[in-house]
């Protein structure tokens, strides 16, 4: 049993309910033990930081302090020092607070002074803040995920959409690449899905701009769905409730604004995992999306995946060879 | 105390990097705290802990050791040897009740005049905060105080500091 | 008339006397060639008898023990005055030895520990007083100094004979030498010399072999079983003080399968013994990052005690900052 | 207007260069901002997904910070458009904490009341009010209050969406509240005090 | 007992019999440079009084000590007052130590009995309060006086020089260096790790700013080096061991098996023609073309013998094939050939090991390795080279389409804290050259994206002007990303370069067909190990460190070892050639001197005190310390010793002493600086 402290985040119970439901559905087959942080509070999203600094970080740090207390083996439940946050914005806020409290000790001291007012304290660096997909890919492992697949997603054309706040700024160096990370691609491939190379995978969905500058947000949403559509995707898979909300709930308005007619369902990757693990669609929150995924999911199992043919020797007018793709694990020897 | 404490600090510099950095700070007329008096050595690897102990026991309030950045030693890797000695020395000093912060290791290349100047000033400030070490005079002050204490059966030695000459 | 001989113990354990007696029949040569005028452990004598002697009338005085109280200091000065040759005998007199480790603590704490701990039955919290009136008159006990000093920090010393205690064969050799000098058959070494020991360090006499291998971990001797009997102890990860400790004992401890603890003090010409050990230990560390170095050094739990076990009082810093501060 | 006789004012700058501005922003930013290291390469402006709507690219804003154009900087809509996507942050060759500087500028603009469009600051404030009241965000309350204030005309068009969200159970009608609200309030009160003092 | 050694000297209580030295102290005004901040008259007077008991017999101040009059002042005192030690309180020893030492030498005093007290760089120039500065100057002088008394006369050390030279690396810098020395009549071993000399320059088509054909100017040099009677060319070889010291290096070179007998091979090329195994050429063709398993990298290769690539040869993999052997007309193929170790003795070594190209795949937002039509600079060099895989046709990766729009991105991997912090020097000019070539060969619209245009040096900016004139468009801005995600119709099927045009203050998206990344240069992947083998250090960035960045740019801290070309840092061809020649001049200077003078700052072991604990054995990176098994003591070879003093500080027995910076000197200086040596009150 792999134990983690769970910071669900506010949207998990509301706009991102499908995410919360589907996480619950996959926890058990993957032998994960998620213990919720008691009485956690909102991380402030991207709003609090713009108003003031110390209260914003104190708000975030209260959660870290609660988690650190809870994981303490003496007076808490112990067993882990890893906090898992499924929401990208929550993940970034928690991870960033932990990092900045170390990078600038004067900030750390002030935040702790504030926490003291509530009888709490947090020593930066105590916890390991990680995102759900990080846990699934690197702790659980693709092998195990693959072994749980009973209903492979063969034929479902998916664009993997990581969003921006997950792979960046990545102070802890958790991802393969902060421009074109492959974790989500790899995971969806493990489910059998037909993963489309999506150059916009870490582009922004508009964030809070849907609320304060809708025209800006619509343009960002349009870029994402039009490119996905262009590439023939059945649906988009996302890791973040904010992304899902923006692309799903504001797709109608975006279409109206541009006079377009896109129909691009967007599901949480955990929903797809649930489907692949043989869960009932209801159980993983299918149907909660405003842009219906029904037609998209109807494709599962219909098409046979195309296998790539080995490269033929170069003819007179054949293309030039491509360099190997960079991986961060590549040693210096590979430089030549 | 109205007058601010002016610490005396001995600095050991590497001929190839930090001594040249000090030269550069001079050429560029950078102003820094005047409390550090420098000794040139060929390499930070020449640093014998004896020198630090001698300086501290002889009236210095702090010791600054400077060498080339790790990996940039003009003698290839001798600054790593200085680093190892320095870390153990600080542990030993801590055991003797001397704040380890009184001995500092700074990496500064020949081009880093600015760094040399700012690190020097910063170190002087750190030592100023720690106050005088006053090692050579410890016994003397105590002796003065002990004269008034008649109840005690403890006394201070009368000839505490007998000069040691090499 | 036979030349006069004296031996005194100040702050010491008495082991040096045992070592003298351990020379067996050689002790008879002392008796045969000298008139023993003052040797509190072996014969009765009064300080006033010594005070009455002519200055320089004692040819040879072996002084062991450090200077911990005013009585020690008084006798040290007295014997200096009365002796032609004053030998700082044994580690305590030369460099403070184990009693010198008391220089890590304020003397008040030491007294407190001695007179008021769980193991001490002192219900009325009675502490010694330097003077005390009894019907018979006033009693005096010596006053403690705040720190212990080796002999040469108090008086001028002619020769040093290190060791805790000095090896008996070395004592015998020195006795032989002095007798020869008395008979006019030999010359005294120059004043200030260390006698009864080598100029090099324990490794010189140690038969173990060393391969210049660096180590990733310091261990304690009980952590290694069994220890390689032919390989350098330091190279096996045990902080052995041999490389920095004066030779002369025939590498007794390493030969017996344990690390040198440094009782013979620094080698010839060395200003600070601890500094030599700091460089010796840091030279075998296999690490380049501060974190890794710190981690390896965690294997030496008490670095100060390790490098100054016998030498603290005789070191450049002489004592800890604490010891200088008397508790009020 | 009399002040228009000043050439700097005519050029759209403060009357005097405020050379403390750069340092002030740097000090108020979380982490180490590296703001003084900017080489004006434009990586941030090139990376920004919303540059099309910005009055100044982030790079220009940093140049203006250096030039001490306090009012101009704090009036700029640029920080308010930042979507915190961190593209500029990871690409910046000088490791400037650009996104965090934007947060700082927003805070300073609110403090100086220099923003030109109140939508964004009001949204942030409304959000924060909800969090400070309940300890959790409250989407329904937020949406109603915010849209009524700033996008009343957009509301009818959004009704189907809002209705969908509620019927699908994706928007709670009542707010959730954390248990130890007083603890959170105490922490935030102290934090606000500290913020004022710094 | 035999081991009861008594000894004559002890440090502890005996008053050491010291001869009182006669010290002269000279305080320099340096015009107002020192006198403006330090009361030099007071310092001299103070030294004369307070340090009198130390042996100061005269203390003077003078306007300019380094002037001939100032020097004569010292010389006169040495002769007339019988000075045995001299302290000059003036500038840094790095400036005038030699001046005053020579002056003393000419007056009959051993030069090493002179000490400089730096009261200019360390006092007057860095402090402003005159009282504080004067007090510090006094302490510095007191330190120098205490120290100089402990100085001992030293003699310079002379070592004979072997006239042979080793040059490592056969790029243009190494070739130049080897030719200069060989032409002067001395023997050179030129070692190259690839099958042919020529280096990166052999891969280029044109060179900036003159647009000379690279091969046309390089090939004659290569041939000259290959046939020169004074040059032993060892290609497909690595230096595996270096020992010794200046004048007397012993070098072991591994000549890798070529599997081609060089005596028999005529270089006809039939083996390559017949070899059935095609391999991507990652080195010479920068991964853009193919070669065979048995190959010469290019037609003009020197030497022209092929090498067999064992990893890819079918025979070595499967045990059958041997096509090359069957067709070789002279029977030169030898599958049994083995690596050979060659030992050579040389007096000097020139390192010309060059650079690696920054791996552009690391900048993932530029898409290299993901987007086919993004090319690196070296790929483009091959693409534009008439002898390259496309015969000089500039085409897309499909091998046939000519681009209509090309974007050239500068500073790829350079000037970026995420990658290399430094400027790679050549990329701006390289970008301009590419722009010109694209324009000339394809007529395409060319964009150059730059942060700062750096076209310093002769005729470089003129080239910039020329490229501007040709119509190349320049955008000032570091490119944010290259993407294939189109947002509008005109972008479809193109690579879009997204950038802030910082001069226009607007974000732009520029669709192009081809992107060329002007990748930076970085140190060879094995530079650290190579540096260690030759006993030289690398900077933080990884380039070899020169002795002095301005005044000694080709020498290193290790006497007799020189660095030239890009091994020392990014530079263009003219600078590399200049450095190659400069190092040769230094080498020839050494050879013609027949012997070399070394500073007498050396460590030595007192065998009486040495316990043979071997602690020092691991201390020396120059292998100067050896253990003498017979005597069970360590010993230091003075010729190898570089004088760092690490072993002196390390010896647990205090058995090692170092000249010039002895314990006694440093301890005395500490005491002096702490003013513990003043006249007792």
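The letters A, B, C, D and E name the chains in turn, as written, and every chain counts its residues from 1.
Methods note: a residue touches a chain if its C-beta (ideal position, glycine included) is under 8 Å from a C-beta of that chain, and two chains touch if they have at least 3 such contacts.
Everything numeric in this text was worked out from a predicted model, so none of it was measured.
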Revision key, fill the gap. Shared touch partners for chain A + chain C come out as E
**Study point:** Length of the shortest touching-chain route, chain A through to chain D
**Key:** 1
Check your understanding: Centre-to-centre on C-alpha atoms, which chain is most distant from chain E?
Key -> C
**Study point:** Furthest chain, CA centroid comparison against chain A
**Key:** C
Point to revise | Chain-chain pair with the highest tally of contacting C-beta pairs | key: A-D
Review point. Between chain B and chain D, what is the separation of their C-alpha centroids in Å?
Key: 48
Review point. With chain centres defined as C-alpha means, what is the inter-centre distance between chain A and chain B in Å?
Key: 52
Practice item. List the centre-to-centre spacing of chain C and chain D in whole Å, with centres computed as mean CA coordinates. Key: 72
Check your understanding: Do you know which chain E residues sit against two or more other chains?
Key -> 11-12, 365, 481, 619, 649-650, 663, 667
Review point. By residue number and range, which residues of chain C touch two or more other chains?
Key: 152, 271, 276, 279, 283
Exercise for review: Specify, in ascending order, the residues of chain B that touch 2 or more different other chains.
Suggested key: 48, 50, 54, 81, 85, 164, 166
Revision key, fill the gap. Touching pairs here come out as A-D, A-E, B-C, B-E, C-E, D-E
Point to revise | Touching residues on chain B, where the partner in the complex is chain C | key: 48-50, 53-54, 56-57, 70, 80-81, 83-85, 87-89, 91-92, 94-98, 135, 138-139, 142, 145-146, 152-160, 162, 164, 166
Revision key, fill the gap. Chain A residues touching chain D in their complex are 10-11, 13-18, 39-42, 44-55, 57-59, 62, 96, 99-100, 103-104, 107, 110-111, 113-120, 164-165, 168-170, 178-179, 202-204, 206-209, 211-216, 219-220, 223, 249-250, 252-253, 256, 287-288, 290
Point to revise | chain E-facing residues of chain C, complex | key: 152, 156-157, 160, 169-170, 173-174, 177, 189-205, 210, 212, 214, 242-244, 247-248, 250, 266-271, 276-277, 279-280, 283-284
Study note, to complete from the structure: The residues of chain E that touch chain D in their complex are 365, 411, 415-418, 451, 476-481, 498-502, 505-507
Review point. Quick one: in the complex, what on chain E touches chain A?
Key: 278, 280, 282-283, 287-290, 356-357, 359, 361-362, 364-365, 368-370, 372, 376, 389-390, 397-400, 481, 483-487, 522, 525
